[in-house]
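Below are structures written as structure tokens.
One chain, subunit A, links the two complexes that follow: it is found with subunit B in the first and with subunit C in the second.
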Partner chain A sequence: MTIMQPTNPQDSRSSIIVYFKNPLLVAFILIVLLLIAGETLSPGFASMEQILRLLIVAALLGIVAAGQNLVILGGREGIDLSVGGVVSLSAVLAGNVMDGNNANIIAAILVCLAAGGLVGLINGVGVTIFGIPPLVMTLGMLGVLQGLLVVIRQGIPSGLAAPALANFVSKPFLLNLPGILWLWIAVGLLMAFLLMRTSLGYKIYAIGSNENAAYMAGVPVKRVRVMLFALSSMFAALAGICILGYAGTSFANVGDSYMLSSIIAVVLGGTPLSGGKGGYTGTMAGAFLLILMQSILTTLSIGESGRQVVFGITLLFLLLFYGRSKALRG
Partner chain B sequence: MTEAHALKTRMATLFRRFPFLPALGMLLLLFVLNGIAEPNSMTVRALKGVASTYLALVFLSVGQTFVVYTGDIDLSVGAILSLVNVSIVVIMSQLGGEPYVVLLALLVGILIGALCGLVNGFVVSGLRMQAIVATFATSILLSGIALWVLPVAGLPAPSLFWKVYGGRSYGIPNVFFFAVVLIAILAVLAKTSMVTKLLAVGNGQLSAYQSGLSVTRIRIYGYVICGVFAALAAFCITGDTASGDPLVGGAMTLSSVAAVVLGGTALSGGIGSAFGSAIGAIIIGLISSLVFYAGIPSEWQNLAQGATILVVLMLGVLASRRINQ
Partner chain C sequence: MSRLKLQQICKYYDATTALASGDLLLESGEIHVLIGANGSGKSTLCKVVAGSVRPDGGLFELNGKPVTLFGPKAARDMGICLFYQELSLANSLSVAQNINLYHLPTHAGGLVDEAELARRAEHYIDKFRKVVGENFSADTPVTKLRPDQKQLVEIMKTLASEAEILIFDEPTSALDRSQVDCFFSILRELKEEGRSIIFISHRMDEIFDIADRITVIRDGTTVSSRPINETDQATIIRDMIGEQHETAAQISVSPHDQMANAEICLKAEALGGTQLRNVGFSLARGEILGLGGLHGQGQSTLLRTLFGAKRLTTGTLELNGRLVHPASPRAAIKLGFSYVSGDRVRDGVITGRSIMENVSPIHFLKDRKFLAFPSVLSRVIEPALASLNTKYTSLGASISSLSGGNQQKVVIARWLTNPPDILLLDDPTKGIDLSAKSELFALVRKLADEGMAIILYSSEDSELLAHSDRILVFNNGSVSRELVGEDKTRFNLYQAAYSGAK
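Our next item is the complex of A and B:
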């Protein structure tokens, strides 16, 4: 990831500042510190099975954040507010299609990815062909998806996860790790390969850092951007299926909390909202950091209000390290 | 040919001066459609219902506009609204519902709103954080404080409060007077140089800075104005629901952003009108009442509403871009 971040000549004056400006390193240091703090506050917090449990929750967020990451990298105020709606829609669709039966898993995955792809395609077309700002387009799409959920849930009892899916998410699958973690690792490798080793990856960074220059250089800007939105919704759909497996049954608006936390995970991972730089490794760390913070707060007996206050202040403090814009003077 | 061109230029100038004109057209169309679907929806009584429900969103969207003018965004407006709502209800229930207590509560409410705006302005403009994530973080913080002030919904507001909000003076519902007050506030603000400065910052921070504007301070002012309007919106919600609810504003944040865009204000900053945002908020209200009156089956109503808002948002953005070209 470091090669994508041009070093600021000013930074070379002090090597400590350079290290502190590497978001991936900051995130890892914070993760270790938080684990130590958690273990001190409540012994057993940093035990292996507890960390595994946190990683499962982080994987669900991390997969949503992968798509969010792509859209944000593509620049031009790229952001996807509809991911939460897609997660909910996908969890409901998957539950209804598989209906607790292992034989229907493949069909459910296909339906969900197709539905997600379609939503992303519409988002992408709205943003590129019609030129609607991503925030407005995906905000409107979120409203449509919330309405669609009401229609789909009407009269149909909410579906059940197939046993194999539930086991995949929470039971050890390979080398004592649950399947969802292998899936997350696969998503991580896929993203690293996509961003670092394919021409699509270079095109994404190109349109993210300077769209006009990329266009002049022959990058099909609109097609790439449509693809980013489609991928974002498909990752959200994939996460929705896993969340169904995690919860066992789909309940209303299960995806709501993923909208803004996926954006926060991306930012904490060192991808600024202005796009064009950053990568997914940081986002994975950001997702785990976010889940870890929330988990430590639940071990404190300070009540829901205190938890939210501490969480908000901590987030603000963390954001001090990430992607602050330059001062106008100087 | 030249005449047509001249007309086009004049139209463009007109739209640039009043960016809310497309929204105004849409508003009139929605009034007509509502009237056709259900003639009774155009009675003073029915309109009063729409107004008392959506006046809070109107104030909230107007507030959001002052932040969007500079190209920023405030995702904490809903949380500010909730915090002010529970704070004033708790103050009034602790000290009794006498008129001077109600006035004191309103004053404290406005101070809380301004203070929240100051915090937002400090983190976004002073500390130069990214507005979307920073105001989301402050919204978590403020919701936490709201939950601390009033852990569960349902504490009633004194009767004086909702009787004034829901009552009539000289036969005219009071909510319409509040709407007039809003228009007066906007007219006064339009006379000051503040709106021009905010728009200048939105047009280009560097050029605004180089022409001698204190960009950091102006962006903070935008957030403070927004916080004060969120407090006013909280007064409307308190009058409408007659109770305190620490989660009441949560769902309204994104609606306020939608209303701002519907009103012809560009999210990139530099162009727009607060009056348009007020129209945008009423458009959202009229769409939901139209969906209701049009006889759409209840389970399809949310979808119809969401799809209509998406289409209207897209049309609005297309129209304003056409004009600005």
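Our next item is the complex of A and C:
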């Protein structure tokens, strides 16, 4: 796991690591290795069709991880554990508003983004104004959302995706690629632009690296942080709509797995949990890498619980390296 | 035979010399004052005596026998106890527990003897009963105490060590007059009992009130030691400055006369807040106003308050004839203020990010920019860096790859993209090399000549004397003296700083 080697100047002394300092490069190498391994285990694993299928699943995760990435970049233990709840909420809301009718798609999108934005706003206000640690605030929010969904829906599948949405997600849309992949590419371009070509992006990195210095340089620290939580929930809401399109109908717990996997995708992609460095390109690679791992585990007939164990261990392993980089900096 | 004899004690931290040749002769039944400018080495000498700093050389004799101390505990076992300037209390424990911290009374089994603990605590609290103030008892947790009460507890804790040699490093900084009087009467009792006391204070009146003997340290070397009745304030201050410095203080050419008809841009009246008392001044365009005095007398607080990073509770601030009240740095920046901190790790550098990202925030704020294209930004950033002679490889390089002096230049360049009206410099040259320092001051003078108003605080008195047109000397949160023109000498600066409000 050389992926987590932080791009710290202090680390550049260790010789082999120098070449693996770029997490993006490492992620791509691992992706290729995993594809080869998958193909060896079960021929057809690395076929174009199968890769496309994996990319669709990765896109769903990648969109959630975009928001997670922003919150983590903002530093001060920034993390959003409520994304899974927002994904579920959005999927259920979208399904019920659409009710299988194309004419309702726009309304559904607006409702979901508004609901997501509201959840994120509450998260952000709790963290910045009331000083609740992000971990506690968003975990509490997750509990509230899950409880709410169970109370409303009693665990029964509900709502129906509009046919146009379902087609957008899984059928070829443009140049033989499904719409969801184009959406993911658009999210990727948007994130890259936001982070690298706008003053907001500069401010996000600034508060993540040295919040006090950013404050003394006139950055509206609280306002930016609230915005990050709001964006995170809106990305999760967007992913929720797509997941409805992917699954056709929605369950109250459809988004549960995204909490852990979105964090792993971000960390795999080279953004340390301490924030202030990294970016979304790595996270995109991280999301695909994670989905590949998941698929290989499925090929090896390891069930859902087994996969969760592997993911949990992966995250702990990554954090072990993250902890080390922090100690070095101190 | 002296109780304690130190000769040519030295201590080095890498290349810096904290103590070059510290001498001290301490007798029984003596109150011995140590005095010296900031960073002269008196605290280091005390820590050597108390065993918390190990000397790199020199003679250390206790009651005529050479000894080596292995830590503060060993020193206490030999009857030496130090009052720590920065306080060393356990905040969640009670007053009584803190007083007994050095010697917890225990039963045979090792359990704490609560009754004895309470009895001993009461004994020491009784000595200060009249002056401790409200909400103070043996059971009060230390965290709930006021700063002066905490300081009293630290004093009681030091007294409770029952040590033969007691060292007090600025024990009275937070105390009021009656508390100091009470403390001094206790010190005199201890002296009568034959104990020896080393006392560090910057307050001249206190020193002449309590001392038997006064030793002056300058640049890590003991320069004089005299009985108190054979010396006076002026002699002590001359010892602290050293003869060679006497003429070194530069006097700029009648600076204030030029200022008399200059345009006043900032006027402060009766500013108050935590650590600030009734501060008033006016600042003209093109002027460099220096803030002097001992460390932490409110100079930095004033700058941070003007910049909106600390709350202003009372007083008025007039900027170009308009009343203002900057509530945050962001608001202050929009009004035309700028602030450069000497603690660049805490307040300045955006760690691990590129030079470009470090220079751009003020430009974004003042020009209301949303887009950040490097090609456009560099046209703004490069001239700002160039005006400071900043050395860097590329704008994309991490700021952490630069030297301290160059990092500080990058932080200053941030303000030069959109020049402010008022530049607040809070000990800006701390920890940067000499050439960077002189470049920085040359730039500051140039900015002033171009019409910027500048307030400079420096912990180095020579910098302050050389580069400011006028100096306000701070004492305990308020301005005790203004030094202008011919009065702006090192001697006057020290006298104002050490002898308090006149």
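Throughout what follows, the second predicted complex is superposed on the first by the 279 of 330 C-alpha atoms of A that agree within 3 Å, B and C clash if a C-alpha of one lies under 4 Å from a C-alpha of the other, contacts with A are read in each partner's own complex, and residues count from 1 in each chain.
As a working rule, a residue touches a chain if its C-beta (ideal position, glycine included) is under 8 Å from a C-beta of that chain, and two chains touch if they have at least 3 such contacts.
No experiment lies behind these values; they were computed from the predicted model shown.
Judged by the touch definition given at the top, the superposed model places A:31 against neither subunit B nor subunit C. After overlaying the two complexes on the shared chain, residue contacts for A:146 are found with subunit B alone; subunit C is out of touch. By the touch criterion defined above, A:320 reaches subunit B but does not reach subunit C. Looking at the shared chain after the overlay, A:220 reaches subunit C, while subunit B stays out of its contact range. Once chain A of one complex is fitted onto chain A of the other, the partner contacts of A:247 are absent, as it touches neither subunit B nor subunit C.
Once chain A of one complex is fitted onto chain A of the other, the partner contacts of A:177 are absent, as it touches neither subunit B nor subunit C. Greater residue coverage of subunit A by touch, when subunit B is weighed against subunit C, goes to B.
By the touch criterion stated above, A:118 is placed in contact with neither subunit B nor subunit C. By the touch criterion defined above, A:199 reaches subunit C but does not reach subunit B. Contact residues of subunit A toward subunit C in the complex are 8-9, 196-203, 205-206, 209-210, 212-220, 276-277.
Contacts from subunit C toward subunit A in the complex involve residues 307, 309, 328-330, 333-334, 339, 341, 346-353, 357, 360-362, 364-365, 369-373, 398, 400-401, 414.
On the side of subunit B, the complex with subunit A involves touching residues 73, 75, 123, 127-130, 132-134, 136-148, 151, 205-206, 209, 215-216, 254, 257-258, 261, 267-268, 299-307, 309-310, 313-314, 317-318, 321.
Touching subunit B in their complex are the following residues of subunit A: 77, 79, 81, 126, 130-133, 135-137, 139-148, 150-151, 154, 260, 263-264, 267, 272-273, 303-313, 315-316, 319-320, 323-329.
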